[in-house]
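First chain written, first letter: the chains are A, B, C, D and E, and each begins at residue 1.
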Amino acid sequence: MIKAEDFETVAETTRPHRMQRIVVVALIAVLMVLPLWVYPVLLMKLMCFALFASAFNLLLGYGGLLSFGHAAFFGGAAYVTAHALKVWELTPELAILAGVVAALVLGLAIGLLAIRRQGIYFAMVTLALAQMFYFFCLQVPFTEGEDGIQGFSRGHLFGLIDLSDSTVLYYAVAAVFVASVFAIWRIVHSPYGMILQAIRENEQRAISLGYSVQRYKLGAFVMSAGFAGLAGGLKALLFQFATLTDVNWHMSGEVILMTLIGGIGSIAGPIVGAALVVSLQNYLATTGFPVTTALGATFILCVLLFRRGIVGELRHRLPAARSKK
Amino acid sequence: EPYRIGVLTDMSGMNYDLSGKGSEVAARMAVEDFGGTLLGEQIEVIVGDHQNKPDVGSTLARRWIDEQNVVAVVDLPTSSVALAVQEITRQSDTALLISTGGSSELTGASCSPSTAQWTWDTYALANGTGRAMTLEGDKTWFFLTVDYTFGNALEADTTAAVEAAGGTVVGSVTHPRETSDFSSYLLQAQGSGADVIALANASGDTMTALKQAEEFGVTALGQDIAGMLLFLTDVHGVGLDIAKNLTLTTAFYWDMNEETRAWSERFAERMDGKMPTMVHAGVYSAVSNYLKAAEKSGQAKSGTQVMDTMRDMDIDDFFNHNAYLRKDGRVVHDMYLVQVKTPEESKGPWDYYKVLRTIPGDEAFRPIEQSACPLLDR
Amino acid sequence: MMANVSAHDAPARPRAALSARGLSKSFGNFQAVKDVDIDIRHGRIHALIGPNGAGKSTVFNLLTKFLQPSAGKIMYGETDITRMDPAHVARLGVARSFQISATFGDMSLVDNVCVALQRPNGLAVQFWRPLSSLTRLRPRAMDLLDRVGLADMADHRAADLSYGRKRALEIATTLALDPRVLLLDEPLAGMGQEDVETMAGLIADVARDCAVLMVEHNISVVADIGHDITVLQRGEILSQGGYAKVSADPRVREAYMGTEDDD
Amino acid sequence: MTMIFGVPLMVLTGQMLIGLINGSFYALLSLGLAVIFGLLRVVNFAHGAFYMLGAFTAWMLGQYLGLGFWPSLVIAPLIVGCVGAVVERTMLRHLYELDHLYGLLFTFGLALLLEGSFQHVFGASGKPFSAPEALTGIVRTDFVIVPIYRSWVVVASLLICLGTWALIEKTKIGSYLRAATEDATLVQSFGVNVPLLLTLTYAFGCALAGIAGVLAAPIFQVSPTMGSNLIIIIFAVVVVGGMGSILGAIATGYLLGIVEGLTKVFYPEAANIVIFVLMAVVLLLRPAGLFGKEY
Amino acid sequence: MTDVSALRREGRGPAQLKVRALEAWYGESQALYGVDLDVYPGETVTLLGRNGVGKTTTLRTLMGILRKRTGEIEFDERSILRLPLHRVAHAGMGFVPEERGIFASLTVEENLMLPPVVARSGKEMSLDEIYTLFPNLLDRRHSPGTKLSGGEQQMLAIARILRTGVSMILLDEPTEGLAPVIVNRIGEMLKSLKAHGLSVLLVEQNFRFAAKIADHFYVMDHGEMIDSFAVGELPAKREALNKALGV
């Protein structure tokens, strides 16, 4: 099982320290005013991917399962959301809900098959199943082939608030993002999360204590798929698009990279990682330096040298932060 | 702040050779030739790689417009990206100068007042090649179609042209972009017994399909191939051995007259000797005419106004004579029906085409009466 | 078959809490366990001994359903558990430890115990509750840690414990399940002499109100606290009964304890 | 025309042959993957990239040194093998002690790096590469049309697969390999230079991918992304065959190629998916794969 | 039988294997705490100790399988501490692991032929010699290695090393789980190895077995050497041993 040396253990953050609370509140405040300086669409994209990476990390970092097929949930939900907006003409919140439900169902289907294997096999099986879904999307007419679903408007939130204004959308996305990260934090630091950690550390032992680990794993898988779907739905709403890019296996690879760079098994890690990767891609898009090469090199460096990721390294380097509990 | 012209193209994917770097160079040439300033401000050319992904392209375009004072977005290979970006330029009223993107839908149902589709479109190809070959005696057609806007539009437009000319379509298969093995599609096409196998795809896919058709002896066994969209670089890529005798429609060939040769040689100098494709020439032409129109209209920010100014102008340069911009965004100019030379006929690299016929603009492009563009108030 | 002889004040023979008949297991062509009958009775400590590779751990894994028997039948009281999955068996009250100590390394000791404690009351599935909902389990957890002498280390990371202490922690975690049958695979391996005594005492203590099966190489402990002994060799039962009977069996001496005197 | 199940015989046999040809590539590639996995326990995600590297090396040998197909067929895989050896020596070996997933992630990064760089340098449009003169042309009979070169690929891949199988099952090196799979440390303690063996194995596996790449070059365009989608199909093949089983990899490769070919005849929409469906079914019924051992 | 150890007690001749202050770790946890040990040429030395005291660990550390180690290991007066694992065999040391390490995917003969011959010192046995010594193996030479009985596997494991010509064998519990007859046979075999001039470092729980063949004994506890004596001192040590070994 993959393991960063510095997993944030459940116990470590049982009760958020006062300092932590202050930091979190400060961060949210920054999030509120950030669009004044930074391009809001970029920020929203960043939040979508941060959420996606957090969802992925829920599975890898806390469930110990490396899924190489998370693009299926992200992209699948994006398609459903886009379709719901364009064809069914649902309001955005319902469209996203539809996307999430689709991701949950897909997660259940893929999860049921994949959790039969472990470790690398699990990774390969999820990859292959997600690729199967990719080909499915390529074939069925509702995804509109290589064009993707495009050309729909964002609609009105609850039928009232017009989302075509980027600033309005920004606050809506930020709200969902903050709530979701909190939800993930809550799941991780719940009795259920503790069992998940126990399973990750010693599956046999957990079985011997009477836990049906397959169900717990499946639960984590489905929840993770659901949050990934939420991220995908948001992205579809934001860009008014759903394309094959979102279901392609490169997307699964990217989310792994984000999590790995930021640091597996911490709440902040995937967010930092996503921010970094998205900014990097954004920056490289105009420099002419090949994005794929940069991603590949980063991947290699991370695996060889910085397996803890940025957040993990920081925590490792700053013993003060560790011992303050 | 300088005015920026954003060349949004494929700098890493399969359209790199036919558009990519060359489009950037062409845009820079146009700006330099124009003098480098517009309405007293510097003009800067910036380039973005959309990786053929609609989402990447639209994010970039959005950011350019919102943050970098980009007044015109240029080139747009891959119609799916072009469609996506057109949504954005429409919302922000930015000029969109499409040279590589070729779906006729861009000036059809999805047309926008700030767009000019400069070089070619699927209708023109269909009408040029499809018609000509049907009249030559290729009556039954089988399509290998790439499965997205462009391919579907090309197939639909060609089907219409073929049927209008008295031919029939006996079947078609669709394939995803960047397919590496066409053998089973070719087998189906061979099984169909059609006179022509039409390749309604582009660049890498077309080249692969051509090569494999040769491998499977398609022409040797008596069927014809129609490369519905072939760029000079594609012919260069597969070589004359394979491409010889293909008939195709193009908006430009470097070796047509003094003017085209002069410009093309300047271009080639900057491109390690590579001759321009029609879309490279189109980018140059589009940018220079845009700059003229913007200068004339007195402002650059409103794409619609610049385009309206352009609609009243005569568009005339080495690329197109007596051309004009229509209300639906279509630039109407002459097209050429050409045939690929045999290796014996060719005098060296890039000497690839013989022009069979000039197709006058009004005959080449979809008549405005048939356009589905909602901007045309009828 | 079972000898009535016991040097200890064993309770009268109650009915078997866990029993197996004709238990067999083969891995491919290799038969690791052959036709084993065993009864583990309430209030008694049943020791399973035998040379390495005799199949002791395999029997363990079969009884707890971590392995699927090739043949035979396993009864838990009146319930046939031959086909059940291991987690289910554990929920019925059959708790086990592992030969290679099994703890949740990155968790504190008290959390290790809490993992076991929260299962019966359904907390474990509540992903929406904060962890503080577990605080009410803490006193009980501390209590258990105290029993194995680890109370003062409750907030240490389990991975940092010495080998012997990990075993102790594992036993505390196992006890947290309030088992009715307790299976311990070499619980005393890796413990120092004093620890061995405390732990042996603890096991004897626990065994008063449950049934215990343990694999143990430490013959003196087996002699001390074991009531019934089964000797396995090459997957088969070589001898079964009280310590006196078994240790007098020449075959056992030969196969396991070694012949006292030769040439 | 003769019809079978309502399909012209020509199309049926043609598609089956094409399936067999694809199967040849599947078999060659999954064989390399299985060899590497069997000994190193590394899922070589970069396998597709090495396949691409093989094709590109052959193309470059032709382009810059004027070498023909036949010399390239020998030299290109050697070069790819050397690249593999360097990668193993300098980077991969530091990951053996860690979880196997890190090997997967590392090679994934490597694949991105290689593909991205080649795309940057050579463009994505693909380079032409022609089949040797002797193998051009088609075989045409009443029930099948097949290019000579493609039939040759089937034969070549069969030979290579059998050769590799013999090398591993029948020779001393093979016995080291098989033994090291079971217990590398013990084999090393016998005085066998297992680290070297590991390097060679990785190099050999990569070279196999390289050979497949050279073989593929005249059929498909030589393009930077030619391996990136193939690798996932290969993964599915390996999962179906059973990880690490040499024979399983070979047999499943051909089998799935043919199944895919048949699907194209009877239900073309599902052709891309059928391998994955099969994988799902195998996972449900035999989680360890058709030829794998139950754990 | 005691000549060699007598020699040694008098401090004559260099030790073939000389170990000083050897410490070793499994990950973070220390398993050996300063082991000292000598084996002289042609000697059979037995390491005694309860389960889990570190006997196997000692052998694995000497061989270089367990690499997290400090201290001194000299073999033929040459430090082998830095030697990569595969060079150790070439220096002349062979290892027969506790779990025997017979490879399931190889036949008996392939198993036998697997280890490369490391020295042509005259101590290596030919295949014929081996089959003469272990006729059972000859009969079964084409069957898969792990289809052999436990005793046969043990013979195979030892025979495999004899072929390579090493001058010292580290032997981990060769009699474990074996029937007495086979134990006897292995005892005979070890004696004949001694006649061949091989040195043997033996780990054995079966004290009676060890007593018959060893020249010298070491007793381990908790990763340390707690006692060392020649075979002649055995009777005097009986009491202490019983306590230490818990027999």
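By our rule, a residue touches a chain if its C-beta (ideal position, glycine included) is under 8 Å from a C-beta of that chain, and two chains touch if they have at least 3 such contacts.
Worth saying up front: this structure is predicted, and the values here are computed from it rather than measured.
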* Structure fact -> Listing by label each chain that touches chain B and chain C gives A
* From the centre of chain A, which chain's CA centre is farthest? -> E
* **Chain pair, A-B or D-E, that carries the greater number of C-beta contacts** => A-B
* Structure fact -> By Cα centroid distance, the chain farthest from chain C is B
* Can you check how far apart chain A and chain D are, centre to centre, with Cα atoms defining each centre and the answer in Å? => 32
* Structure fact -> Rounded to the nearest Å, the gap between Cα centres of chain C and chain D is 49
* Chain centre separation (chain A, chain E; CA means) in Å -> 55
* Shared-contact residues (touching 2 or more other chains) in chain D -> 116, 119-120
* Structure fact -> Residues of chain C that touch at least two other chains are none
* Which positions in chain A touch two or more other chains at once? -> 138, 290-292
* Structure fact -> Interface with chain A, chain C side, in the complex: residues 64, 66, 85-88, 90-91, 95-98, 102-108, 111, 114-116, 118-119, 123-134, 157, 173-174, 177
* Residues of chain A touching chain B in the complex -> 39, 41-42, 45, 138, 145-148, 150-151, 239-241, 243, 245-246, 282, 285-286, 288, 290-292
* Asked: In the complex formed with chain D, which residues of chain B make contact?
  -> 12-18, 20, 173, 178, 180-181, 183-184, 187-188, 190-191, 203-204, 207-208, 211-212, 215-217, 220-221, 233, 237-239
* To do: Can you check the complex and tell me which residues of chain B touch chain A?
  => 11-12, 46-49, 51, 53-56, 58-60, 62-63, 66-67, 79-80, 83-84, 87, 110, 146-149, 152, 174, 176-177
* Structure fact -> Given the complex, residues on chain E that touch chain D span 63-65, 84-90, 94-95, 97, 101, 103-106, 110, 113-116, 118, 160-161, 164
